[in-house]
Amino acid sequence: MTRRPGSVNRSYWALAQTILALAAQNLLSPIILFFALGLLAALVRSDLSVPEAAAKALSIYLLFAIGFKGGVSVSDHGIDANLLLSMLAGLVLSFAIPFAAFGLLRAMTSLSVTDAAAVAGHYGSISIVTFVAATSVLQSQGIASEGYMVAVAAVMEAPAILSALWLVARFAKPVDGSDRGRNTKGLWREIILNGSIVLLVGSFVIGFLTGPKGLADIESFIVSPFKGVLCLFLLDMGLVAGRGLRASAHQLRPGLIGFGVLMPVLGSLAGLGAALLIGLSAGGTVLLMTLSASASYIAVPAAMRVALPEANPSIYLTMSLGITFPFNLTLGIPLYLSIAQAIGG
Amino acid sequence: MEMKDAKRVEITIEAPLETRLTDALDEAGVTGYTILPVMGGSGRSGRWSREGQVSRAGGMVQIICIIRPDRLDTLLDAAFGVVERHIGVVSVSDCSVLRAERF
Amino acid sequence: MTRRPGSVNRSYWALAQTILALAAQNLLSPIILFFALGLLAALVRSDLSVPEAAAKALSIYLLFAIGFKGGVSVSDHGIDANLLLSMLAGLVLSFAIPFAAFGLLRAMTSLSVTDAAAVAGHYGSISIVTFVAATSVLQSQGIASEGYMVAVAAVMEAPAILSALWLVARFAKPVDGSDRGRNTKGLWREIILNGSIVLLVGSFVIGFLTGPKGLADIESFIVSPFKGVLCLFLLDMGLVAGRGLRASAHQLRPGLIGFGVLMPVLGSLAGLGAALLIGLSAGGTVLLMTLSASASYIAVPAAMRVALPEANPSIYLTMSLGITFPFNLTLGIPLYLSIAQAIGG
Amino acid sequence: MTRRPGSVNRSYWALAQTILALAAQNLLSPIILFFALGLLAALVRSDLSVPEAAAKALSIYLLFAIGFKGGVSVSDHGIDANLLLSMLAGLVLSFAIPFAAFGLLRAMTSLSVTDAAAVAGHYGSISIVTFVAATSVLQSQGIASEGYMVAVAAVMEAPAILSALWLVARFAKPVDGSDRGRNTKGLWREIILNGSIVLLVGSFVIGFLTGPKGLADIESFIVSPFKGVLCLFLLDMGLVAGRGLRASAHQLRPGLIGFGVLMPVLGSLAGLGAALLIGLSAGGTVLLMTLSASASYIAVPAAMRVALPEANPSIYLTMSLGITFPFNLTLGIPLYLSIAQAIGG
Amino acid sequence: MEMKDAKRVEITIEAPLETRLTDALDEAGVTGYTILPVMGGSGRSGRWSREGQVSRAGGMVQIICIIRPDRLDTLLDAAFGVVERHIGVVSVSDCSVLRAERF
Amino acid sequence: MEMKDAKRVEITIEAPLETRLTDALDEAGVTGYTILPVMGGSGRSGRWSREGQVSRAGGMVQIICIIRPDRLDTLLDAAFGVVERHIGVVSVSDCSVLRAERF
């Protein structure tokens, strides 16, 4: 059957409508609204703040719950033949995306090689909260996904850091001769054994080992209150993103903002390609797209401070947390979902 | 009360470098120090506050080290190796200590 | 029908009995008992303490939950014609009560003008935990109330501060000529954008926007565990009140203690009058009485430290937290409930 | 009926099998696995950590929940004639066990008198988390126990400290003449009014006063999420134990390790004897055995720092937290349960 | 290690005034400081401890400022304008700093 | 800005002894001090960190006391009575204070 141009236009139009409807629905979820509240509060300089210890406790809860539930789901559905393939795909994506990001940054912005490489590293890695938000959208739409995507998320945390360091080593001119020996002693150990990864993977393994019986034991701690905790967490993320934006707004040239919105979409397409190759479910596809689209603001910044101290932290933190995170949360996830459904349908 | 002269070194440094600095101090034979949390601050790289951090990437700590005057240079060399390319402040002042035999 | 004196006495007696029965029941609720435990622990100098970050996290939870539930309830029952009237009443009460309190303090105690004005400001503002305790008593009695009373609470937080500053400007003799320019630059912004108000109002608006569907999402986080969290919070309040009492007991002259018990009752009567004028439900009446009766120990003290540093913080904190808060919690709320029911019935 | 040796062997064999089966089942519970995760993370030097304030908040939650539930259970089943007897038994056990421990330490290790006394004091006192883990095993086996065992736990916290101090006063040679006046001024007040004891006993009393009705109010806070919170708490305990082991591994001579495993078993037998004398239920017997077997790592170390500063804290903390706590958690509790059932059956 | 003389100013001040003080410092051109949390203390207005506070009304913070000696008076003037009518302590001591070009 | 000479005493001490030390200071008439939290440290008894503690048994705090020079000995005597047999560090340095009438 041949399609006339008009029908293509009409189907684009239908897609756009789906995206908008999804986005509107998404924008009115408590999760997004609490993020917006935090953002707003920070922008008007309210003194609202979540104590550091409480924010850290919230993120421990999230990693614990999401890891455990992922593990239980794998133990429930059995280890899929696709598990290893997906993890491999995650590895490759995390390594590769920084190169695309670096090229784009050098083209679109005037960042130095070092700053561009540091920012690029963030986009190869992932944001676990964006991932959680995507699973929560999938859930409310009744779309199933592979439980092991959590493990893929863990795999994607670190490789991008290596790419960033390689980019600097390859393209940056040595500032002064003796300066080349980077402070990377012990860095790899730190990155791989970083608390978030250990907790996520550990909880995943424990969830896998104890299975549905283990889940029954702790369900009313990690399942039912989950969304409420997520609201509080996103309130805090909004506060942090807003404070970051306020402090670094002057650095946000149009090129950087454009990159912060364009790059996640490109990343999601890379994720889409990989998902199609492997043959993930619709839900799994959305999650891999989201992981590829999201940018790190925990593991990578800490590693960059140690290994690339000359890169300006306020640039990469603002890009990742102030532009790309809100974009993914509000428009990105509905977009990726619509694309996955359009392709899958 | 018998007191002895000493130096008080105060190093404000990024949190991700804390272990590197204390390891460097240990290696240089400086095994006495106290680490204080830092809530926020301001410097050439702008203002920041601990409650505005998702990660501790930008957080800082303050390391205080009381040391015999003749060991000061060893300490500063060790510290400088870590602090060199990083943001942070190192200051030294005179003090005197009780129970000097411990230093 | 004419009533003989005996019958009046009998009905007073019946009222007293109701109050006592309610108070007894109230005194045996876990909430009050945990407050008492904290108070006792502090008075015997136990080292029991709730970490500052945990206490702050608990109060974030309370504001989040109470605001959200208020918003949902308004979205559920529709915006009542009385909403605006009630907020106006709250505004007027918060402005007016400090004047009454100031007069009473000058008559009953020997506080200086500045100290009296500072204390008076606290009684015009509100204590959100007292409000929460009152809603929880209403709930256990099966009495409904207007969801928007949360918004009224938010409105009443700040105006009293203005009254306190006006009282000082009017009645205090300048200490030294140049001293008159108060440190109020930016103070209003701070007070209105203070974290508690922003979170309470923000959660209210989000609850209103997402309605019962949003509530269903996070119900098992903000509804079912609420009372348990409140117990922990009141344990901490008891500890803080007890430590305050121990430290400042020497300042508690009989006049001050008398004021700390009399003023809330007077305040509640002002609230009663306003509620009758507007025509609030029995539950709403109790809540407006409780708001009027309660005294601030968060927003106002912080504002006073900035704007009236010469006022002694240990006086106003001890009055508000050590006398009036426990009084309202134990006897006040049952009293206000009985009065509202006696008038309403 | 006489038993032939073979039958005895066979029944030993059956007992061993029961223990192993129980232990295996226990080892695969989420609680133990999260402890193991924490231990492992610390041993490989991951930077995973639970903020101090969050860890303290978790322990407040545990004491609050366990105390309250114990009190409700006593109010539910009535005050047992055995209550006082059990508390007396706890008192005697806590006083007596340090003497046995001291003798054993002097025989098995080369610790100084002061260090041996300090360690011994820890074994007379108790670990509330071990107690909680045992109740959770009982629960999952459907075995009932006396609710007042919580009160017995509280009674056993402190007396052992007195025994430790007495041992030092009796056996240690004065280091220098003037040194004898120990820094015990106010120590007793501090120990008895220590936060954990006050909260545990206070919650117990409140649970008793409010009974099942009070429990219904806060059930979804202290009952359903309990196991999940316990997982997080044990994750933190694992981290702390692991860091302690790493830092103090060099001090762990075989004699000390042997003591750390042998002493809890001996202690449990003392607890068993007492339980049989009193006639506790099977569940109560297991709990008294567990209390006797467990070693303190909160109340006693703090007291020792004040009263016996010359004792080396890394020895007693490592013994208690690094050896005995994991032993009880993994093998000890199943062992005590099997013994109690073998004797009881 | 080349070091340069400097002054170390330590200001203990009520938490609600923190922003006012740092704003005043910024205005006076003092852009380097570090803020430490304070757990408790004692003074003419009695003892207090952070865990005994519902609000942070009575809480305090400590602001440490390393500065070139010739800029000390500017700093003290700015600080004094804020601290003047409030409880709090300002102390100054001598120190020397590494990487003096940064101050 | 009129300043007056004073001494700054910095005592790092085990948390379970905090109240004993502040009580001893109070008794000696020293009623002004500020308590800072300590995150970790290292000394003759090894490295420790606050996040690696179940109890606060091993935690430490830092007490800072600004005092008139002539009262220093009273303070040190009082402090020494508590710190003596315990781990911890006492150091003293010179400083000057604003609003000297308060000390």
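For reference, chains read A, B, C, D, E and F in written order, and residue numbers begin at 1 within each chain.
The criterion applied here is as follows: contacts are C-beta pairs under 8 Å (C-beta built on N, C-alpha and C of every residue); 3 or more make two chains touch, one makes a residue touch a chain.
Keep in mind the model is a prediction, meaning the values are calculated, not measured.
Note on connectivity: the fewest chain-to-chain touch steps from chain D to chain E number 2.
Here chain A and chain D face each other with different sets of residues for the most part; under half of the interface numbers are shared between them. Centre-to-centre separation between chain B and chain F, using Cα means, comes to 18 Å.
Chain geometry summary: the mean Cα position of chain C and that of chain E are 35 Å apart. Put simply, the C-alpha centre of chain C and that of chain F have 39 angstrom between them.
Averaging C-alpha coordinates per chain places the centre of chain A 43 Å away from that of chain C. With touch defined as above, residues shared between interfaces to two or more other chains in chain F number as follows: 36-37, 47, 49, 93-94.
In chain A, the residues that touch at least two other chains are 49-54, 57, 220, 225. Under the touch rule stated earlier, the contacting chain pairs are A-B, A-C, A-D, B-E, B-F, C-D, C-E, D-F, E-F.
Those residues of chain D whose C-beta lies close enough to touch chain C in the complex are 51-54, 56-57, 60-61, 64, 68, 189-190, 193-195, 198-199, 202-203, 206, 209-210, 214, 217-218, 220-222, 225. Interface residues of chain A facing chain C in the complex, by the touch rule stated above, are 28-30, 33-34, 37, 40-41, 44-54, 57, 220, 224-229, 231-232, 235. Interface of chain F with chain B (complex): residues 10, 12, 36-44, 47, 49, 60, 62, 73, 76-77, 80, 83, 89-94. Listing the residues of chain B that touch chain F in their complex gives 1, 3, 6, 8, 22, 26, 31-37, 61, 66, 93-99, 102. Within the complex formed with chain E, the residues of chain C that make contact are 49-52, 55, 179, 183, 185-186, 236-237, 239-240, 243-244, 247-248, 297-299, 301-306, 309-310, 312-314, 317, 321.
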